[in-house]
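Down below are the structures I want you to see.
Shared between the two complexes below is subunit A, which pairs with subunit B and subunit C, respectively.
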Partner chain A sequence: MASKKLKLYTGEWSFYHFGERFVPHGYFNNIPIDEQLAVLSKIEGLEGFGPIFPTGTHTNDPHNFIKLLNNYNLKVGPILVDHYGDKKWRNGSLSSCDEKVRRECIKLIKDAMDYAAEIPGSIVETWPGQDGYDYAFQTDYISSWKYLVESYQEICEHNPKVKVAVEFKRKEPRQKIFICDVGTMIMLFQDVGMDNLTGILDTGHAFMSHESLAEDIALLDQYNKLDIVHLNDNYRDADPDLIFGTCILWENLEMLYYLDKVNFEGWHEIEFGAPKEDRIKSLRLAVNMILKYKELADRIAEHSHEIDNNLKRYHYADNMNLISDLIF
Partner chain B sequence: MELKLSSSIEAMGTSPERDNPDGYWDEMGVDERLEILSKIEGINGLFTFYPSATLPSDPVKMLKKLDEYNLKPAQMYVDSNSNRKWKNGAFSTTEKNIRRECIKLYKEAIDFAKEIHADSVLLWPGMDGLDYPFMADPGEAWKYLVDTIREICEYNSNVKIAIEPKKDAPRQRMYLSDIGKLMMLLNEIGLNNAGGVLDVGHVIISQGGMAEALTILHSHQKLFAIHLDDNYRNADPDMIAGGVHFWEFLELFYYLNKTDFNGYCDLYLESPRDDRVKSLTLSARLALKFKELADTLTENSDEIDSNLNNYRFVENVELISELVFK
Partner chain C sequence: MPLNLKYAIEASVFWPPADRVVPEGYKNQVNEADIYKFVKSVDGVDGVELYYPYDFTDIKEMRKILTNEGLQVSAVGPGIWSDAKWKNGSVTSFDETIRKEALDISKQAMYAASELGAEILTLWLGQDGYDYYFQTDYQRKWDMVVESVREIASVNEGITVGIEYKPKEPRTHQIISNASKALKLSIDTAMENVGVIMDIGHSFIAEENPAEEAVYLMNHKRLAHLHSNDNYGDWDYDMIPASVHFWENIEIFYWLNKLGYNGWINFDICPFREDSVKACSLSIKHTKKIVDFIKKIDISAFDSIMKENDALAAQEYLWNLLFK
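And now, the complex of A and B:
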């Protein structure tokens, strides 16, 4: 069976100046949006561009945005809501004990859903990264979780036809983030109980949580809650958004094998931070690495009967011999 | 909240280590260990094992033995881990005959637990996990895990089954790895007698927050038992609770008060080198100390909770420090 083509997209974040802690203004200047889109349109395999709402380009008019992307033969990718990058969210957004702050965040995400409703098939991304805590005795966990669930319920009820995706992360910017792993995210889905609430698997966040990517995919797929995958890499102890596949091989390969197995048809985001390296070269490398891993995964998928048989009988060594012979 | 402490006689075992399998101590007799437990202030529950290698296999005789030492049956751990037949998992294995054997073991254990009025049956799927990519099918494993545990819980709705998550060891990745997955499992099972164990050491190695974990289980009415132990966040050597962490244990006890937890807190201890009796006694003493400090905090809970709700962290630390330090 021929495997599906990956739907790859990126966004304005690929062209940031990537400020660091010790060099807050980064090493590069900003690139104008038309120049960004011209670059993207020339990278083979890349087909989408995701806006940041409401701070990105043309987020006041979805039709103008579609028109702009059409000029560069690009589709609209998932719409990322910025409910973390402002001082007003410092104690959390959707889980904040401050009702005014929660109302403001709920309104922002509803506005993003209205914007998404004008773009067929688009999806809204949320990342409650400020919703967490740093110390013992700093946060009321009981109220916070209740507010988080209630906020997502209200958001999802606003327009059940627009999907709202949630992204988990263990830590950063908070030392502990409430939606910290795939189990807690699925628990959120169960508590909220809305069909249009769905999941994002950010591979770097999963590595940082010492999770297994393929296991996460298997679980999210069973709940029909996997809509977006963010592809990046790290050394398992932080989330620097390194270029996909440059640190970890086996688990990234197994992930692509399982994405094919569960017939995943959603968007794959290229998420990387290139603070020092040439951004355009880095982006091209990221796309090439993804396509290479996909090629390897397709090759081993041709032997899925044998591989899956080994899985069921716990013949691990046989699997590794087979796969190594196929890819090296 | 009344603090109910329990321990097993294994806390005074030989604690074998990888490089010294015979441990550093000689075996103590069963009655000697029960006698010691009965004299440690704060401990009134006995954590038992099924099947038990040391205590009577007849439930009536076991109860009589506990009565002799004025101990009540606390949690009863079912051993579905320490036999080579469980090597691919007891609950999630693709081998149907192994899963059936596991279910049979638990049903017998549940009958026994009912006879001795155990507080709950402890279920820890410690062999259910994997070690490498491409080693097992995690989606299929999860389905078997849920189905097997559901059948066990359905056997007798009057007996509580307390399920314990852990991130790793002995498997490199356990399927039931954290509180989120535990809640996911409990929600899928959907039975009132299926609940969770908060093993504090396991929460710490998962980089979790113990008070947060407690409130999650409590708010879903799923907190059945607590295991108190400590570590340095990178492994689970079952050290004395509070011997490494202070603030998080204090917060845990504050929330135990707040949620009025009435189950057992087991002193889950390995003491390979230090004097076993002294270590266990210290463990009970520290638990009582944390409870005493938490009670002082609870008397000031209006101010503490107001600080929480208004993100006044500095004020909370100043207040709590004043209350707990002489």
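And now, the complex of A and C:
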């Protein structure tokens, strides 16, 4: 059986200036949206562009935005809500103890849902990155979790037809982020209890949480809660958003094998940070790396029956012999 | 000679604390003219640590401000990291123009240190490293860093060039990543005025026990200077000292006292969301409490415990002394 083609998109992040605390103004100048889209349209294998709402360069009218992307033969990818990139969220957004801040964040995400509702098949991404803490004795874990659950309930009830996705991450910008791993994210889904709340697997975040990507996929798929995968890489300690496949080989390969196994049909975001490299070359390399890994995973998938049998009998060595002969 | 500490606050504590998620920073920019008033208002502060040219370019003007505020200078560092031009390294850049500029700034910082009465140059080579495998020539980088540090240290042998090590950030890998490599570098230069700056937070990220590394550095007479902050051992969040690692901080100060460290401790903290003056005051307060505590330890009694490798007796001794 032929494996599915990956639905690849990238977002405005690929063209970011990549400022950080030592070089806050970043390493690059901004690239106008038209130039960004022109670059993307020429990269074979890329299908979509994901805007940032409301701070990004999308148009105010979703129909105009669809038209703009159509001009470049691109589809609208997931819409990322910026509820983290301003100092007003410094003590949290959806879990803030300050009701005014919480309400502002809920409204912002509802606005993004209204925008997404006009775009067929669109999905809203949330990343509660400021919702966490830094020190022991700094936060009330009980009320913070309650606010987080209530906020997501209200958001999801706003329009059950629009999917709202959550992205977990262990740390940065907070030292401890509440939604820190796949298990906690699933607990959130269960506490919220809404069908339109779903999950994002960011491969770099999962590595930082010392998780196995394929296992995460299997777990999320059991709950039917995987809609978006973000592809990047790291050394399992921090989130430098390195180009996919440049650090870790086996788990990345196993992940692509499992995405195929669970018939994943959602978006794959090419996400990377390239403060020291040429951004466009990095993007091209990222696409190439993903497609090469996918080719290897497809080669392995042709032997899935044998691999499954080996798994059942705990014959790891037989599987690894088979796989290494297939790919090298 | 027992421990003799002077307390400094890094002026950069009052820069707007930014990160890649909020590059504009979590707080409003403090008026630059007020920074030294804020530093002076920190409880227990003796001095300030500066970066040239980020904190100042006019030495006379800087001296006037410091005199007015009654602040000494713990150390001066060359600003060779906070700009996109350093993205492929500073004193180990393969671009000769960039490397020369980094060396020139470092030599100017040596001069500024001497003019401002500081005895230490803080040399943090934050951009000198790599991000990916197969990206850099490790051999060439090492030769360049040894040669560069020698060149900087030769400018004024009365100033100690302190190599501040750190495993990562902003690069995923920095070449001077831990205490042993920094010590090796200082020895490779064959200069007596080259030493190591131990940033206690960086030591945690390098998965070191700071006390053990400080002992080795002091045995080699290469512990030039201390920076203090804390984290969870995985990232350089520059938190308030001893807010995470309690016993490790007690142990390092025990050894600094035993071996007679006589110098500065600079608080290189980054209070992203907290009031900066309060965070600095708390940092000094924590440290002074630790120093008071370790001075109560009977060194000869504790030596006897350690001779026996008796971890249980050591714990009992410390707990009885601390929580009586």
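The rule we apply is simple: the second predicted complex is superposed on the first by the 327 of 328 C-alpha atoms of A that agree within 3 Å, B and C clash if a C-alpha of one lies under 4 Å from a C-alpha of the other, contacts with A are read in each partner's own complex, and residues count from 1 in each chain.
The definition used in the following text is that contacts are C-beta pairs under 8 Å (C-beta built on N, C-alpha and C of every residue); 3 or more make two chains touch, one makes a residue touch a chain.
Since we're looking at a predicted model, the values are computed, not measured.
Room for both subunit B and subunit C is found when the two structures are superposed via subunit A, with no clash between them. When the shared chain is aligned, subunit C comes close enough to touch A:L242, but subunit B does not.
Look at A:D298: by the touch rule set out above, it reaches neither subunit B nor subunit C. Of the two partners subunit B and subunit C, more subunit A residues are in touch with B. Of the two partner chains, neither subunit B nor subunit C is touched by A:E150. When the two complexes are overlaid on their common chain A, residue A:E172 makes contact with subunit C while staying clear of subunit B.
Within the superposed three-chain model, A:G26 lies in touch with subunit C and out of touch with subunit B [touch as defined at top].
By the touch criterion defined above, A:N91 reaches both subunit B and subunit C.
When the shared chain is aligned, subunit B comes close enough to touch A:E254, but subunit C does not.
Subunit B and subunit C, viewed from the C-alpha centre of subunit A in the overlaid structures, lie at an angle of 70 degrees when rounded to the nearest 10. Look at A:D140: by the touch rule set out above, it reaches subunit B but stays clear of subunit C. Once both complexes are placed on a shared chain A, the shortest Cα to Cα gap between subunit B and subunit C comes to 5 Å.
In the superposition on chain A, subunit A positions 91, 134-136, 171 are in contact with subunit B in one complex as well as with subunit C in the other.
Interface residues of subunit A facing subunit C in the complex, by the touch rule stated above, are 17-28, 84-87, 90-91, 129-130, 134-136, 171-173, 175, 234-235, 237-238, 240, 242-243, 246-247, 273, 275-276. Taken together, the subunit A residues at the contact with subunit B in this complex read 91, 97, 133-143, 145-146, 170-171, 176, 178, 180-187, 190, 210-212, 214-215, 218-219, 221-222, 250-251, 253-254, 307-308, 310-314, 316, 319-320, 323. Looking at the complex, you find that subunit B touches subunit A at residues 88, 94, 130-140, 142-143, 167-168, 173, 175, 177-184, 187, 207-209, 211-212, 215-216, 219, 247-248, 250-251, 254, 304-305, 307-311, 313, 316-317, 320. Contact residues on subunit C toward subunit A in their complex (touch as defined above): 16-27, 81-84, 87-88, 126, 131-133, 168-170, 172, 231-232, 234-235, 237, 239-240, 243-244, 270, 272-273.
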